[in-house]
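Okay, handing you the structure first.
When the chains are written out, they are named A, B, C and D in that same order, and each has its own residue count from 1.
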Amino acid sequence: MQPHESISAAIEAAKAEGRTGLVPFFTAGYPEPAEFLNTLRAIAEVGDVVEIGVPFSDPMADGMTIQRSSFVAIQKGVTLKWIFDQLESIKGEIKIPIVFMSYLNPLLAFGFEALAQRALDTGVCGFIVPDLPFEESGEIRHALEQKGIGLIQLVTPATPAERLKLLARESRGFLYAVTITGITGGDSGLPADLAGYLDSVSEVSTLPVCAGFGIRSAEDIVNVGKHAAGAIVGSALVEVLEQGADPAIFLRQLR
Amino acid sequence: MQPHESISAAIEAAKAEGRTGLVPFFTAGYPEPAEFLNTLRAIAEVGDVVEIGVPFSDPMADGMTIQRSSFVAIQKGVTLKWIFDQLESIKGEIKIPIVFMSYLNPLLAFGFEALAQRALDTGVCGFIVPDLPFEESGEIRHALEQKGIGLIQLVTPATPAERLKLLARESRGFLYAVTITGITGGDSGLPADLAGYLDSVSEVSTLPVCAGFGIRSAEDIVNVGKHAAGAIVGSALVEVLEQGADPAIFLRQLR
Amino acid sequence: MKSILEANEAAALRKALINGELPDERGRFGPFGGRYVPETLVPAFERLEEGVKKHLHSPEFQAEFQQELREWVGRPTALSRAPRLSERWGTEVWLKREDLAHTGAHKINNAIGQALLAKRLGAERVIAETGAGQHGVASAAACARVGLPCSVYMGVVDIERQAPNVDRMHRLGAEVLPVETGDKTLRAAINEAMREWVSDPAGIYYLLGSAVGAHPYPYLVRELQSVIGTEARQQMLDLAGSLPDVAFACVGGGSNAIGLFYALLADDVELIGVEAGGTGDGLGQNAATLATGTAGVLQGCYSLILQNDDGQVQETHSISAGLDYSGVGPEHALLQAVGRVTYVTASDDEALEALEELCETEGILTALETAHAYAAAKRWSQEHPGKRILICNSGRGDKDMPTLTKYAARTRTHAAA
Amino acid sequence: MKSILEANEAAALRKALINGELPDERGRFGPFGGRYVPETLVPAFERLEEGVKKHLHSPEFQAEFQQELREWVGRPTALSRAPRLSERWGTEVWLKREDLAHTGAHKINNAIGQALLAKRLGAERVIAETGAGQHGVASAAACARVGLPCSVYMGVVDIERQAPNVDRMHRLGAEVLPVETGDKTLRAAINEAMREWVSDPAGIYYLLGSAVGAHPYPYLVRELQSVIGTEARQQMLDLAGSLPDVAFACVGGGSNAIGLFYALLADDVELIGVEAGGTGDGLGQNAATLATGTAGVLQGCYSLILQNDDGQVQETHSISAGLDYSGVGPEHALLQAVGRVTYVTASDDEALEALEELCETEGILTALETAHAYAAAKRWSQEHPGKRILICNSGRGDKDMPTLTKYAARTRTHAAA
């Protein structure tokens, strides 16, 4: 099984159990780099796939919570290399697939070949790159694919039908269905027409569809779960970490 | 004897006594309107001709001292009409010729015919109008001349020779030789080439020449007196009045 | 000296005005104008008059002046249509954009012209007065351009309300001399400048900023500013296809107004000058010299002024420093007396509203002075729907920020409304 | 993704650049450019690209745009000779006077062009970012002119140092949204604007202010700004009788520079872009992206950026808000890579001195951004005496008063010196 296939497999497995796949997101090294691995371990106990945010100076698709976590992490010295090193130090320990969420520039600075290799070496199975539309993704996709690492595509309510098909076809791991037109961390609730939107995404996708942006509660997950295989919980989890609360407890009540 | 002739006569008389004619200037009603007549009486005891300043809102040829006196006098209600009324109330009492120093606009507002008549009635023998060059003076000169009132012309170190002759010819009462290029109230002393200038003015004038601007001390008057028939003392006297000191004492030491 | 004209006299003067025959040799526009200055300055004025006669219309001077207008000032300034404002007013509005001239107002036309003249006349330094600061900035810039030192007199009241311009003058190398005397605004600044000039009539060139003062200033300033109307007239023909029905300009001393009107005197165009109505009709509440003043002599010329019965000049009030002046140019006094131009007023409040309306509809932040012209034009257009209106947009409003921020937005509606 | 070119590749790209064949269909200037945006915005960018293709060079749009440039912006802007500066520098200096354009800088060319486009594309409202505030003011004015509501994102650091422009935006009816995140300057403002756009990609038109960002912005902005160079080129021929030996422009995002350079690419004219050298060479002390940056993706495009080894974008420093940006337009990155344009820096101090020198010699108060171009031109002219120099005077310095008054005059000599 290729690394990216383990992602889809994990979501499918949850589905098979009658659950909605749970994909927690948190910013690496936030609020304290020293806590990174413990946090990761705790989250991995509950989640089906874990999404680790690589901090970036200019997180233009993110709301205040993730921006804040990004800046703090950078200030405290978190880098892509550091994250890989940390993962390497507990290699084999995390049993669920790891996905990196990163803006393009830190990946570019790291180098795509090196990136794919280190990902493979440290159990990172896929990448989500929020400022990389499919059209610009050729080089990195090529490098990742060489190692079986997936580049997860995002679709949004604004994505036209034709393009939706393209992105569904080209995604790996899962298809990321952004629930809202907006940035991460919104708390204005999920949109009214969510069901229709997710159904239409699921319809064209052979991969499991995970919904993300604005999912904060068990109720949200129930709603999303009726129309998508998985749910990504980001800002809500980062807020929990920010308050020093136990992520596992928070996640467990979502599951 | 026409009123304006009494001015020249007064200066000539001082000269005949071997003195420099003394022409004190003060702003009417400054610092207190109630003191106007007393101040005038005191000054008339010592001076040969008295120059009464009619306050004006825009005294552009005057320095700080006379500006200040003008504004205060206006604020305290001094007007041209008030000055005439005051003079009328002591008609015949002031034995020396009275000259008014006024910018044109208050005279214009009063009306030239009325002005000449009231001047005649109250013993005002001449006018000095610092913003009225000869070329613009036709109307007022005509009105004043009807009553024998003189329009005193000013000349300055900047006046070209031809023009000096014209102004000397057209002046009445005396010829006012401005000692400096500048405004009243300067205290940078009299110019070095004063003698030559005053001699050249006296040379072309059939009227007595009175020097003014910047004359502050007995010494100044001695210097001026060698080359001019009279001396006008303005800002220095206004400062004395401002301090509440006795103008007669001040003037006596100048004489 | 009279100020009321017989009918036949008025007709003759009107004709002379239109034919460009005024001022006469003595600097008179009919009864108005002349030269009332201290004797010390008489030779300086005579030299100036000689200089103007010799140079102003000489090919060399004109070549230099026109080149500076074109290449440095940025002339011709644009003529803008104002579609959204026109729609609101139910009329067709055109704007002559003096705000786009270098330093931000029409004042620069005059300043650079006189600075070039000062240079030719061998002046050692230049002094100027300023109210809104626009003429001060223009003078500072023009003097730097020609390489003459410049000192600007400015009332402390104006220094406060036009602070941005004070900084600009400093930056442009001019000395700004605060005037604490008199009304502490434009009038006091002119008095101080005159006092300074008297101290060195030969070395100083006095760069007067409006079409006021003693002869030849009203003439000189008009000639230098008439480029506004000459351009606007041609631009109206080219862009609108005809002359306007009516033209508006604000009137402080009257330089932008005479600059616009002069080229239109002979045309069938109604001309309306707009003075500062301030806060009301009472003496001291406005600067409506032509509307409510009486004839007199102020700062060198016989014209209309705001004065009391004793001939004391009165303090004025206007929200705009550049209109806050008790006198007005003598040519305007005559234009009113002969009935060629109508003069009306706009209040502080009306000016503020007009300023906002222009911002919202056309994206042009105009000077508070200029805003008075808009206010009057708006009123007029309500009585004369469907007409073609030309407004002299004499300057930009950047300098007015300190004042504007003091007044809450009065009519704030959204830009898109 | 590469940034270093083989010789033959460079030669081919140089030719393509000069022939106007770039960007290519994918928005690439050689390796640089492209479109790196959140998926939510992809359809919006596609619509924008379609709209640009359909309208930008259509006769209707061009007629409207050119009319607005002429009648409202005040184009052509003047070309000024600078005799006293030329004398000091021992060279012949010409200034393209974008400071005379409406609202005081070249930014308005782009703003009105895009506002007209937004209107055609049916946008409900416009958002913009601003650094120096010039683009914010220009956008506010342009939106008022076309009747669209406008919100401007501005970093709180810039809000402080460009206070006059904040007031102007408010007056022009725009909403100014303070940005507290990131570096609190231009870069953060762009991020915030993008975040807002993501929330309503269909209703919002994002009016980007420089030749940066994702395709088609660098292309669109260049096309709208190229009027600068097209005019200047013709004016040089008409007034100076030949093209300049060298042309200078300051480079923040690079819009005034590309606007000037584009029309001169095929000519035998040396082109020099001037970045902000700030207080020194260290990372964070300047904004010298082309001089010291490395290739990367920032805010939508692949270009040179100031970043650390981990790909984190670095904060910059410049005394001028408009140059204080870690990125630069992709076309400049290519122009440097192929050797057609040279990019140099000028420090804060040099810019301040240059600003003063221009004030003193020519009576032109230039923007701090622009002052960098003068500083570099002065240096160059000392090594190349007697040459003919063209400088893009991209904006006026009124907005910089708060900053300038903080710095004591450095080289104050008298205007007449």
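Methods note: contacts are C-beta pairs under 8 Å (C-beta built on N, C-alpha and C of every residue); 3 or more make two chains touch, one makes a residue touch a chain.
Remember, it's a predicted structure, so these values are computed and weren't measured experimentally.
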| query | When the centre of a chain is set as the mean of its C-alpha atoms, what distance in Å lies between chain B and chain C? | reply | 37
| note | Separation of the C-alpha centres, chain A versus chain B, in whole Å, is 97
| message | Graph shape for the chains shown, where an edge means the two chains touch. Line, ring, star, complete, or other? | response | line
| All pairs of touching chains, each written as two labels joined by a dash | A-D, B-C, C-D
| message | Using the touch definition from the top, list the residues of chain D that touch chain C in their complex. | response | 70-75, 77-81, 84, 97, 99-102, 125, 140-145, 147-150, 164, 167-168, 171-174, 239, 355-356, 359-365, 397-398, 401, 404-405, 414-416
| Mind pulling up the chain C residues that touch chain B in the complex? | 1, 26, 34-40, 42-44, 181-182, 187, 190-191, 194-195, 198-202, 295-300, 305, 307, 309-314
| Can you list the chain B residues touching chain C in their complex? | 56-64, 67, 71, 74, 79-81, 103-110, 130-133, 135-136, 139, 153-156, 158-160, 163, 167, 178, 181-183
